[in-house]
Each structure stands twice: as C-alpha cells, then as structure tokens.
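Here come two complexes built around subunit A, the first alongside subunit B, the second alongside subunit C.
Moving on, here comes the complex of A and B:
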C-alpha cells in the first residue's frame, strides 16, 4: 500500500536526467542560434539606444515642452497638461530625470512594437475562428505565466541587456491589444457590414472603411491596457539589465532603501497616469460622432 | 432608365449545412415543418419564379418569416441560393465569380436597408459617397454627385451631420441618397420604410415615387404592409412560408385573390384607390349630358370624387389619345368600391 501514502514519483535519477536533458538541449540551441538571434534583434537594439540617447540628450526644458505639447495634442485639456508638467518637474527635481527618460524610451518602443505586431495579429484572429482558437490559449499563457519563467530562456539566448528586457516587456504587454483588436472587429454591427457588402466592398475595403474605424474604440482600449502592462513590467525587466526607474526600485529593494523605492515607484505611477488619461481622452475624441444623439 | 428586368427562375433556398441534399425531397412535396423537425434544415424559399419588369417597381410582400428578405438578398447574392438562377442582362448572378459579383454589386445594384445601416463614423456626405468610393471614383467627383442626391432627398444643409444626429426619417433619406448616388439600374429596398412613423413613411413613399417617375429604375421593394405594396407596386408578389402564392398588379390581386389567406389580407384595403376606371366602365353609350370626364387609368375614388363634385351620376372616359372610350356610372363605381371580393 505504499502507492497510497506516497505519490508514485519518477525516480530521482530519471528526473535529474530529464531536467538536464532539457537544459542541455536549450543550451545547444542557444549556442547554435544565439548569435543569429542577437544579430536579428540588433536593429531593435540600435533603435532603442538611439531613442534613449535622443531623450536623454535633449535639454530638459525642450523635452518638457515636447511632453506638454504631446499631452495637449492627445487630451486637449489644460489641467492635464499642467498636471503632467508639475509631476515631471517634481521628478526632475528629485533627481530621477534621466532614469525617467530611459523608462519612457523603453515603454514607447515596447508599445510601438506591440501595436505594429499586435493589431495585424488581432485582424488575422478576427478573420478566422480557427486562428482565434489557436491564438487565444497562447495569449492566455503569455498573460498568466510568471514573467520570471520566460526571463530564463530569454537570458540564455540573448544574455543581459536592453533587448532581452524589451522582449520580456513585449511578451507581457502585447495580449490586450491583440485581444481587443480581435474583439472590436468581431463586434462590428452586422447590418453595416452587409451594407458594405451590398455596395461591392472587397474584404480589404470592408476592413479599411468599416471594420477598423468601428473597432477603433476597442483597439484603443487595448493599446491603453498594453501601455499599462508595459509600465508594470519595468521593475521585473530591470532584473535582466533594463536601466531606468525600475532598476532603482530593484536597488532599493536589495538594500532596503525605503525612500528611494517609493520615489521611483511613484514616478512610475505618475507616468502611468499620464499615459492612461491622455490615451483615454484621445480615444474618446476619436469617437466624436457617437456623442451627439438626436433627441 | 433601366432596360433589363430581373428574372428569378426556380429558386430554392434551404438553410442548413446540407441544403442540397433535401432539394429533391422538397420538390417532391416535403413540408417546411417536416424538413425542420426531421432533418434540422429550414426551408427559406421554394420554387420562386418572378419576372421583375424593367423600369418598374416590383413589390414583394409577406409577413415576417415569409422569406421576403431572403429573396431580395438573392438578387445581389448577399445570400447564395441552394439551386436556381437570378438572371440580369443575360447573366446569372448566382454563377458569377467573386470578382464579377463585386463588379455587379458596385455598378448594377444599390440597396436600402430597414435599419438604415449607415456608417456611424461618417457624416451624411461621407455616407452618401460610400458606393462611389468603393467604385474607386475620384473624391471631388464623388462629392459633387453625392451633393446632388443629398439635395434631391431633401437633406441640403445636413451634409456634415453624423447619422445619430438625425431622426429616423432623415437617416433613411441618407440611405436613399447613398443608394441613388451609386447610379445603378437596380434599386433594392428591404423594408426600407417599415421602421418609420406612418406620416414619415407616407412622405418617403412620395419621395420614392417622385424619383422613380424621373429615373425609371428597376426597383425591388420588400414590405409587410399591403397599403404600401398597393401604393408603390407596379407589380406585387405575395410570399407565404417561402412560396409565391399570388403575383400580379395590385388591382388583379384585390379583384381576384388567389386564396382565402389573401382574401383575408385585402379585406381592409381601400379598394377605391386600387381599382381603375377601365375595370368597371361600360363601352357604350357615351353619355351626352355629363360634363365629367375621367381617364381609364384613374382610380375609382378620384372618379367618384369628380362626379360628386359636379353633382353628376355619370362620367365619360377619355383615353390619353383623346378618344372617348366609354362611360362610368356612379352607382357601379360605389358598388365596386364597397364590395369585397371573396374567394
């Protein structure tokens, strides 16, 4: 009756060999293709570095004006511009300007890639139920698997640095924009689609003139969520060499520096709030046509 | 003016994964209920043969579930038939390739929908140019044409409004302008006015008749409202449970209902507005005394009105060529107006 009280485990040596086999196989893969992958991602690294340097090298008053203008362009709200400028001034005064620029660069590039890759994926998903059935569980895994787990293979393949960090952020942040693009397109009113069909619209014309414009509010909600998730990953990503506010939080955690931790943490929160509110306001403005209802 | 009619030939539609399998059974008389209960397929249309006249309004009438909306969607093949043909200009729409079908929809047909189906993110003008944009017509040219139609349907000044800023009646005017701007010979109207208030509906019917008198398109108009069918239809086909149970002019249907179902249907109709003078006039004699003259295609109601206005009991009938062709008696006129045909 041994098997009742003790779980029938694999023998210790077999288990060790299994793990070792997996590790060896991946390491072999890494040795064979690691450099090729690194070369593949090199343009990305160059782009990210160029963007970081640009943000850091730009004199802070000019940067401040650019940020204020962007916030205005997105939100058309003076209180929001004022709030942003005040929090950025405070961040700078507390010595976190450069780290904030690093984080901004990472988030911007990550979001850009998520949009460029995620929206086409969402469109493909909306076009076929089979694609949706395959992609949905993959997105589920990407959202639920602890990031530390996929940091390991990324680390093995690409080592420590900005690109592995960026990739980790993208894996974590891309699902919402894919999901909501798919959902938004699927929710488009069937009557309007039929009208487009009746006028002889080709599938691409339908996508361009009906489906994407009407899915835009949902796509925008997805982009907003993607930005938020990317921001929440900056601390984790700093474990594998991403510089910026996240790294300072990590230092604070390792050394129990309470104030440093909170200051950098709150700076991340401030950026998150600005991104969130501005993108939401912008999304709402795109929907101008739905505001005035005939009474 | 449209030069070609639409021929619908032996059209069947069975909804379900294996529609073709049951065609023979349905042809041999399997009922809609049996098909549904035993085989899980829905009979949408059965043995439809309608010859829709060029340049005229063909009304397809039926209650909900009769298959009328399914039928109109076969003309531009938004729904594929199980078997059968829809012939226009010697081509069978049902056999067209994808590219031919897109071309056919772009240039030969335009459709107006019950729920308007406007693009909510586009203004009235941008909605109206939609068909032209799909055709690939230059934007300036498209807007020029669209503006003409926006004005024609009475929406001048609303070009930059969004659909949800407009009332239902105005939204359907946009739907009509969008269809007319396409400049297609076939105009498909799927319960186009059913969602509108009665007064606005009458208004829109007048707009349609006015435009049709000028353009002479081949119009297919779907409705569940008999009064609307009789007012608009040059020809009417009545559908029940996916089958045509009677077709003809409004007068033919009102005078000779094919079965008790239709007889019941037309009981409440104002017959004076449907039956024409030529149906009941007598060839001779021409009345020497009366000063009242009516045309053979005038409706009884207006003839009776003319006689009572002049306090006469008889009227002479003069055709478009100016010849006196017969006379009409007031008593006969009123009898024809108040006696319902029975089956």
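Moving on, here comes the complex of A and C:
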C-alpha cells in the first residue's frame, strides 16, 4: 500500500534534470537574445534617466510649485494642495528629497508605460470575447505570481539597474488598467451604441467619440489602481538595484534601523495618498462632466 | 563531575604512554562544531568521516554560527574542535583566548584563497593579459561598460546596508575611481549581486565587483581574485577609516586579510595527539573547495553527501593529510 501513503513523485535525478533543463534553456535564450533586448530597452533607459535627472536637478522650490499646480489641476481642492506641500516639505526636511524624486520618476514612467500599453490591450479585449478569454488568465497570473519569481529571469536577461526594476514594476502594476479599460468599454450602454450606429459612425469613430469617453471613469479607476500597485513594488524593485526610497527601506531592514525604515516607508505612503486622492478626485470630475448615471 | 575528572585524569595519564598510540586505538568521544554554511558543513562532515573511520573516534556534531560556537568553546570548553572559525568578526576575543592558552589555532589556513575582495571572470584576464592588478584595471573603465551609461565603467559594490558597503565606498574614493570614469553600482541585494554575476558570465561579458570566497558562485564561474597591487595599509586605516561610514581621507590599501582558523580547546590540545596533526595538515585548496560548493548547490547535497563525493573525487588531496594506514581504513569504508 506504499503508493497510497507516499505520493508517486518524480525520481530525484529526473526532477533535477528537469530543473536544470529549464535553467539551461533560459540561459541559452539569454545568451542569444539578451543583448538585443537590452538594446531594445535602451531608449527607455535614456528616457527614465533623463526624467530622473530633470526632477533632481530642478531647484526644489520650482519643483514644489509644479507639484502644487499639478495637484490643483487634478483635484481643484485647496486642502489637498496644502496637505501635499506640507508632506513634501517634511520629506525634504528629513533628508529624503533626492530619493523621493528617484521614486517619483520611476512611478511616473512606469504609470505612463502602463497606460500607453494597457489601454490598447483593454480595447482589444473589449472588442473580442476570444481575446478576453486568452488575456484574462494571463492578467490573473501577473497579479498573483510572487514578484521574486520573475525577478530571476529579468536579472538574467537585463542584469541589475533601473530598466529591470521598471519592468518588474510594470508587470505587477499593468493588470488593473487593462481590466478596467475592458470593463468600462463593455459597460457602455447598448442604446447609446445603437444611436451611434444609426448615425453611421465607423467602428473607429464609435470607439473614439462614444465608447472611450463614456468608459473614462472606469479607465481612470484602473489608472489609480495601477499607480498604487506600482508604488507597492518600489521596495521589491530596489532588490535589483533601483535607487530611491525603496533602497533605504532595504538598508533599514538589513540593519534593524527602525526610524529610517519608518521614515522612508511613510514617505512612500505620503506619495501614494497624494496620487490616490488626486486621481480619484480627477476621476470623479470626469464622471460629472460626462453625465453618466450608473446603476 | 566525578566522571569528568576521571576522564581528564586518564587522558593525562594516557599522555605519558605516548598519545599517538592511545588515540589511534581508542580515540574516544569528540564534539565538533558544524558551522551552518555550505563549506562549514562539508568541512565538518569530512572531518567526522575521517576521524571515525580512520582514527576510531566517536564524533558528535554541534551545529551553530561563528559567534555562538566561539563563545561556547571560549567559555565552556565545548565543542572540542571548530573547523572553519572565521576570525575577523571575533578577532579580539580570539587573540585573547589564544594568548591566555584557553584555545589553540592548530591550522591557520584550512582553506586557501579565501576572503573578500574584487573579482573578475577568467576570460577577462585571458583577453586582457595586461590587467595584472586592480591598479591596471582602474585605468580601463572602457572594458567594463555600465549598462546605464556605457561611457563609464561599472564596479558592482556591496548591497546597501551590508558592512562591506562602506568599505567599497571608501576604496572607490581611495583609488580615485570616479575621476577615472567609474561608477560604483549598488546591486540592491545578495540576489541582485549574484544575478549580475550570472548574467555577465553566461553572456561572456566583463564584470568587476565585490564577492567573497569560498562560495559556490565563485567556484561555478571560476571568478578570479584581483590583487590590489598595493600593500595592506594597516589596521588603523582599515578599522579607523575604510570600514566606517564617514572616512575623510582613506588611504589606498588591499582588502584586509580574512583569516580562518581551525581551533581546538586546551583540553583537546592535550589529548588529541595525532588528530591535531591531522587537523594541521588538512588544507583544502581554494579551487577544490569551490568545486565542491558548486557540486553542493547544483545537486542540493547536504554536508554528508558532499563529504563522500569529496572523498571519492579528490583522493589525491585528502590522502596527503593522513598516514597511509589511516587512508587505507577510510578508503575501505567508502
């Protein structure tokens, strides 16, 4: 009755060969295509570095004014602007200005790429049930697989530094914007679409002038979620050499520096709250303008 | 307690009759430290097999890390033997214990070629034979282009938050590397550091950075230590500046020598006889240890599996540590 109590598992040598085979195959892939991939991502690296340098080099009072204006443009709320300025001043006073700028640059670029790549994917998904059936499980995997798992192939392909960190963040953060774009478009009222059809709108016109505008609040909720998830990846990205607040959190973890850990952790929280509240308020305003009544 | 005194008395009497003969026949019980990292496990397992099969001892392994094992030997006199005691971390205590005769270093280099420092892949040196020391390498940042700005050379440092991070920062400053076109890259974590080595070596790219030996990754890619080409500039420079976070004027220096001893207690020094001779002769060449660590990580072997592999694969190494009779006995048991 051995087979009942002991699971019939693969022999140790076969299992080892299987693992080794997988590793070797990936390493061969890395040898063959790694450099090409690195070259492919080089413009992205240039852009990220340029943006980082810009944020760091801009004198802090100007940076502060820009941030305040952006918050105002998004939220139209004076308390929001005041809260943001106070927390940024505190971050600067506690010596985390430069790291915060690095993190801001990373998050902004990651969010931008998520939007540019994610929204078209969401549109494709909404167009075809088959695409949706294929893409949904992939998004499920991306959202649930532990990030450490895909750090290994990213490291072997691209090494350490900003781009591999950025890619890890994007893999983790892109699913909400894709999902909610898809959902938003699918939720657009059928009657409205019929009306557009009866006016003789082409599919492209329909998408651009009817479906996308009506789906905007949902898409915006997706962007908001994407930003939050990108911020939560900051520390993980630092494990493969991304500079910024996450790196200081790792230093604190390695040395049991309680205060340093909390200071940098709370700075990440502050950025998250600002991003979240501003994008939510902006999303709500969009909803008001488009005068869609849900439910 | 009574038994202990009796045992000590017998051991002392035994000494009078010639310890060699006694230990050969009736070695008795030995407690030995098994350090909780790969090379420590292997060392302890090989010692255990050789002492039990070759010398007829009864060896009990005590698992622990550097500090607890040392404290236990220093204060309680047990375990009897610590095979791979890293000294730098407990330097003052070790010196004191040896001065006061509580502990003895029977072997001051059980593994050769170990320590921290800068490493490069072997093919880098083959392709550029003129790179003899760190001083030569520092003149050639173009050979080690940084992925994020290929006009600069990259030296991969120690992950942020590790003690060696300060050392790397200060050496970077001491060798004036920034002015020569270098960037000190923070790999972020041990996984990042290992990953950057694996990536570069799988692709045949040049790589320069921090690591330490004996480790499986050094063995796997046969990384070569870089001699600094500069003398060690003294403990005052190292402890008072290089290894601190703020160091205004670091002097050029080679990396501080990492020392590993095989340590025995005073009591074991008296009764061990030929076993101490074995421990003194037992030296693993760094390359052999590296090869064994690669075996351990690839096969996910524990210390004992690896010890049997070592004894069969490197017979020419270990048979030199013991007399032909002992070697025959161990071989018979394999």
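FYI, the second predicted complex is superposed on the first by the 288 of 295 C-alpha atoms of A that agree within 3 Å, B and C clash if a C-alpha of one lies under 4 Å from a C-alpha of the other, contacts with A are read in each partner's own complex, and residues count from 1 in each chain.
Operating definition for what follows: a residue touches a chain if its C-beta (ideal position, glycine included) is under 8 Å from a C-beta of that chain, and two chains touch if they have at least 3 such contacts.
All of these numbers come straight from a predicted model, not from anything done at the bench.
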{"item": "Touched partner set for A:197, first subunit B, second subunit C, both or neither", "value": "first"}
{"item": "Partner chain in contact with A:159 - subunit B first, subunit C second, else both or neither", "value": "second"}
{"item": "First, second, both or neither for A:130, with subunit B first and subunit C second", "value": "neither"}
{"item": "When both partners are placed on the shared chain, which of subunit B and subunit C touches more of subunit A", "value": "C"}
{"item": "Partner chain in contact with A:241 - subunit B first, subunit C second, else both or neither", "value": "second"}
{"item": "First (subunit B), second (subunit C), both or neither touched by A:205", "value": "first"}
{"item": "Partner chain in contact with A:35 - subunit B first, subunit C second, else both or neither", "value": "second"}
{"item": "Partner chain in contact with A:214 - subunit B first, subunit C second, else both or neither", "value": "first"}
{"item": "Touching both subunit B and subunit C, residues of subunit A", "value": "none"}
{"item": "For the subunit B and subunit A complex, residues of the former touching the latter", "value": "76, 78, 101-107, 109-111, 113, 115, 117-122, 130-131, 133-135, 162-167, 182, 188"}
{"item": "In the complex with subunit B, residue positions of subunit A that touch it", "value": "189, 191-192, 194-202, 205, 209-210, 213-214, 289-290, 292-294"}
{"item": "Complex contact set, residues of subunit A against subunit C", "value": "16, 20, 27, 30-31, 34-35, 38, 45, 49, 148, 151-152, 155-163, 238-243, 247-248, 250-255"}
{"item": "Complex contact set, residues of subunit C against subunit A", "value": "147-149, 156, 159-162, 185-189, 191-192, 195-196, 198-200, 202-204, 298-300"}
